[in-house]
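A single structure is presented below for examination.
Going by the order they are written in, the chains are A, B, C, D, E, F, G and H; count residues from 1 in each one.
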Amino acid sequence: MQDNPIVGIVMGSENDSPIVEKAVSVLKELGVPFEVTLSSAHRMPEKTASYAKSARQRGIEVIIAAAGMAAHLAGAIAANTTLPVIGIPIKSGELNGLDALYSTVQMPTGVPVATVAINGAANAAYLAASILSIKHPEILDKLKDYRENTRKSLVEKSNILYRRFSIREGEKKL
Amino acid sequence: MQDNPIVGIVMGSENDSPIVEKAVSVLKELGVPFEVTLSSAHRMPEKTASYAKSARQRGIEVIIAAAGMAAHLAGAIAANTTLPVIGIPIKSGELNGLDALYSTVQMPTGVPVATVAINGAANAAYLAASILSIKHPEILDKLKDYRENTRKSLVEKSNILYRRFSIREGEKKL
Amino acid sequence: MQDNPIVGIVMGSENDSPIVEKAVSVLKELGVPFEVTLSSAHRMPEKTASYAKSARQRGIEVIIAAAGMAAHLAGAIAANTTLPVIGIPIKSGELNGLDALYSTVQMPTGVPVATVAINGAANAAYLAASILSIKHPEILDKLKDYRENTRKSLVEKSNILYRRFSIREGEKKL
Amino acid sequence: MQDNPIVGIVMGSENDSPIVEKAVSVLKELGVPFEVTLSSAHRMPEKTASYAKSARQRGIEVIIAAAGMAAHLAGAIAANTTLPVIGIPIKSGELNGLDALYSTVQMPTGVPVATVAINGAANAAYLAASILSIKHPEILDKLKDYRENTRKSLVEKSNILYRRFSIREGEKKL
Amino acid sequence: MQDNPIVGIVMGSENDSPIVEKAVSVLKELGVPFEVTLSSAHRMPEKTASYAKSARQRGIEVIIAAAGMAAHLAGAIAANTTLPVIGIPIKSGELNGLDALYSTVQMPTGVPVATVAINGAANAAYLAASILSIKHPEILDKLKDYRENTRKSLVEKSNILYRRFSIREGEKKL
Amino acid sequence: MQDNPIVGIVMGSENDSPIVEKAVSVLKELGVPFEVTLSSAHRMPEKTASYAKSARQRGIEVIIAAAGMAAHLAGAIAANTTLPVIGIPIKSGELNGLDALYSTVQMPTGVPVATVAINGAANAAYLAASILSIKHPEILDKLKDYRENTRKSLVEKSNILYRRFSIREGEKKL
Amino acid sequence: MQDNPIVGIVMGSENDSPIVEKAVSVLKELGVPFEVTLSSAHRMPEKTASYAKSARQRGIEVIIAAAGMAAHLAGAIAANTTLPVIGIPIKSGELNGLDALYSTVQMPTGVPVATVAINGAANAAYLAASILSIKHPEILDKLKDYRENTRKSLVEKSNILYRRFSIREGEKKL
Amino acid sequence: MQDNPIVGIVMGSENDSPIVEKAVSVLKELGVPFEVTLSSAHRMPEKTASYAKSARQRGIEVIIAAAGMAAHLAGAIAANTTLPVIGIPIKSGELNGLDALYSTVQMPTGVPVATVAINGAANAAYLAASILSIKHPEILDKLKDYRENTRKSLVEKSNILYRRFSIREGEKKL
């Protein structure tokens, strides 16, 4: 049934929730049903594995995993499912999130993680929607609306900037 | 019609083709119909844009883009389609592919690229198959077979390694 | 006609405007007519391309592009014009602007971007003036004045520092 | 007189000449008169300064400087001229050219260097041509020809790649 | 019984075996009984977990895990045991092993991995011996012998170097 | 006698004490007797060497060393003892602790340092407890309790997060 | 005459003066006569060169140069003198001082700069004193006093720390 | 007596000797008496300390220390002497010498190491000569000769390059 969550968001630590909320907002905006859970690859390895293993049969179609430092969460999930897994490297600790980026994107052959920018939770949600759009036409419609609205709002801002900064009559002396 | 390509692979330079061939092999192995083209974001910007814009209506469901250095190809495609776009950062030039990784993964909000490892072309194909598996059951079957075969082959290698390295009777003196 | 803008400044996001204002100040100081617009390579790809394509015939002689993260803006503009394009990598996101630097400077053969320091908007304007100075003698004069004034002001500061820090009579005991 | 060099190429070490030759080839191809000299910022500081100071009156309109490691050459030249200075960071020593990139691009306010990719000598020449194109229509024509020829040659390569890799009849079984 | 393995070496890929052999040599030299197995965190997640869970009761006292790229192996093992786990980041892929180093050392609170240098397999074995030395006096004796022998052999090399390089009579002219 | 310290914590500068306190808390929580001292590898080389040399006979079984910048402390201690030495790279100075990480983890063959994350003092203590657990059953019990309690507390947080974020009835419209 | 400055401190920008003051304090403490000036390699190239050229005959024996970003100051001075030149890479701009470090330390053969830590102005002064100590016995005496005082003060701090942190009677229950 | 060594070169491993030989050549060329020894900070800590402690009274005036990876050698020597210590970070292991650079240059306050470029052994010798030149006029003379000869040889090379590359009559068509 379509009202059940089709995106599963997993975060590795409750500290990641302010970042993860950006994904939540986007999915709500695009009308994509989702669920959010916390499961650390290192502190709850069994829950992480069983969550991943059961996801497809529970109706989940895309998993988003957010974790920092030696960020193994997305990889640990991808190891236990054939669903597409999106990894959000979280900035945490002292290395600006570079540790999380490398730990998420440099996966070995056969177990890919679709990695987005450091702290790029909004984009993880947009990517989930892109993936779902190949199957769910109503999500495609929402995505197209979002793109068009963004473009329109930028055109407006562009006009304001142009008027604000660009040279005016009195200043046109070379 | 199902025999038409559903994955579009785009490379930014003909030098990228040895890497891209690894994606081609995987897609063939998994029975996923695909097409390959060359289109540089910087030297063929119009072809790149029109390829991306027309992809969905031509039946493409996932685009894989491979490019090196200031790798804008995946982003330039993602800017022109709502399809999921997978980026392969190619090692090329002097920075070990780190330039391509940053240029591919650090996309701004609203236009995500699903990034895989530097030179990770095989994983780009496996990720495409994961994405397609939410819609195409026969691809899901192939993916599951691949995973199981990999596991079996590793078990075998593991046994060989164990016998080769581990201590034998004569050496068990502490 | 000479009073029309000859430098076009493009920023990829309105968040870049505090940095871009430093270029605006310098161009005003040097009396170089300019215009400012906002155009995202990823969210407004068509405007970006058409801005670049039409720039030369509209009288623009140098384009300055400012963008952060996977900063494709300068490259996307350079792909669509033979005018000199100056790229300002903007610090934004979690990687100190290194992502923007690599995305701007590591351009493929045939489509160069003249890259300045991270957040180096003032220098982008001075570089634009240097370029224009090969054609516009009045800009050359302004540049030379600026250099000479800077030198004089530094000499003054140097004298103050010398008096403030250097050893005085009472302290000259080894 | 137009036949005199209008681009001055300076390299910091004779070891840089294989890279610099790529700039030479491009300038020849585009018909831009140039001269090449060797002048180390650190081992020939006086020649470097006097070369830069006299360049404009000798008819030079753009200077290209190539240097590796703590690459001060482009900066040392820019400090002594208001001409546009293009810096090529050379890979040399153990840091992949990152030292040269940082030493070239991170210039202080007022003395910009137009930096291209590490070892990006060809692009330094294309950038010089872009700069000169605002004044010399014949260089603009050559640049446009180069762009169009590149595009055509890529279209051809693209067609070959498409036929070589893309799925053929017999393989279209999902 | 003491002749059973007390160190368990796990590698994530058969490609890691040339590096792992250096640990094997050291453990043999120090007379420490060990076993070697292959178990990928991502391709054999269940074997990895059960290996770790059962290790202590099987008599293992230290686990050494070697893996490259997004190296989750040591972490995945540490998540499933309270035994000390030593991680060897393997250089593999394009990032010089820095991805493996970050993925191994930057573990979250509560699940540490004792990380050694990139490709530092010999040191992983020496570290294992140090750990075991707090309980097994015969390993302590072997370690002390190794240290003393190393020192002696270096003293000899030092003497040779001194005679080879240092100034001789004829050269002592300042 | 068991009540004597069995873990020796050494910090290289008094500025490191806020980080080191996290190790102190964990050791107290796990009931591991310890001592804390300050000894700079560079400013107190003799104390550092003699501390390390005498540690084992004074009953110490694991040494934890915390230092920043060119962090030689752990290595200087490891050079003077065969006890296991855990290094905590401290973030200090301008390089985010990367200098301390490299200085601690990249040890030469024969003198390993068990390195934990930058500022990872809590994990240094947990690692010390893991090492001690091969000999001291009461520490093993404490470690197991800690792991189980962590898991339980995370399960609770997970449930709260699930209820807080996941879609509720009224929002389940795709 | 001995009361004249024997150390010349040069800073590239007045913004560097808070860092440079740390060198000033140390030199005063050690009784080393010095002078401080401001001279930008890029904005005052002639003053920089003439300062360096005249330094030795004016009695200067060591030059300390502090600069940030593409920090050419120390190198520009070293190019114009055979005196020992100490470079302080200043953190400034967005790259944590890494740009200044590379620009200062990676000097080409024949023109070395004695580089200290990023923002390491105090150490630049101590290094200057070490250099001067081979000729000036009174500076050697001051240096030895400083070392001994530092050691004593650390011993005291160490005792305080030991009493503050280490286990007390009541806590010695394992 | 002046014929005794006044520079002491110490290397941390015999593998460093090909790099160290470059320092040896330069010192011979400049007529500076020196000695070479091998002493590992980690494997021969006592020899390292006693070498450093006795150096000044044995007539050594500058120490050059070369080491790779977690390169503590220069720091360990500086900790035990007030003589100026020059550190050569050796490229060794997998991090391009960046680990050695950070371990050598980022020294804490009070114990500086004069750091040269990665593998910059020749420059370590030139720096030693600069330092000695404040006391030994004959070394100053040799240094000045070297500088002048380098300049002359570069002028010659420059002329050859100019004739080889620069445009000739037939090519001067724009």
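By our rule, a residue touches a chain if its C-beta (ideal position, glycine included) is under 8 Å from a C-beta of that chain, and two chains touch if they have at least 3 such contacts.
In this text, all values refer to a predicted model and were calculated from it rather than measured experimentally.
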#### Entry: Touching subunit D and also subunit H, the following chains
G
### Task
Could you check if the interface between copies subunit B and subunit D is built from the same residues on both sides, meaning over half shared, or from different ones?
different
### Query
Which chain lies the greatest distance away from subunit F when centres are computed from Cα atoms alone?
D
### Query
What is the chain whose Cα centre is as far as it gets from that of subunit E?
C
## Note on the structure
Per the C-alpha centroid definition, the whole-Å distance linking subunit C and subunit G comes out as 33
#### Entry: Between subunit C and subunit D, centroid-to-centroid distance (C-alpha), Å
19
## Note on the structure
Distance in whole angstrom between the CA centres of subunit E and subunit G is 39
## Note on the structure
Multi-chain contacts in subunit E, i.e. residues touching at least two other chains, fall at 40, 43, 69-70, 93, 95-96, 98, 105-107, 110-111, 113, 117-118, 147, 150
### Every chain pair meeting the contact rule
A-B, A-C, A-E, A-F, B-C, B-D, B-E, C-D, C-G, D-G, D-H, E-F, E-H, F-G, F-H, G-H
## Note on the structure
The answer for subunit G against subunit H in the complex is residues 61-62, 82-86, 101, 105-107, 109-118, 120, 122-124, 126-127, 130-135, 140, 143-144, 146-147, 150
### Message
Could you list, by residue number, the parts of subunit F that touch subunit G in their complex?
### Response
2-5, 9, 11, 14, 17, 20-21, 24, 28, 31-40, 43-44, 47, 69-70, 93-96, 136, 138-139
### Query
So in the complex, which bits of subunit B are touching subunit E?
91, 96-98, 117-119, 147, 150-151, 154-155, 157-158, 161-162, 164-167, 171-174
### Query
In the complex of these two chains, what residues of subunit A are touching subunit E?
12-13, 40-43, 45-46, 49, 68-70, 72, 75-76, 78-80, 93, 95, 98-99, 102-108, 110-111, 113
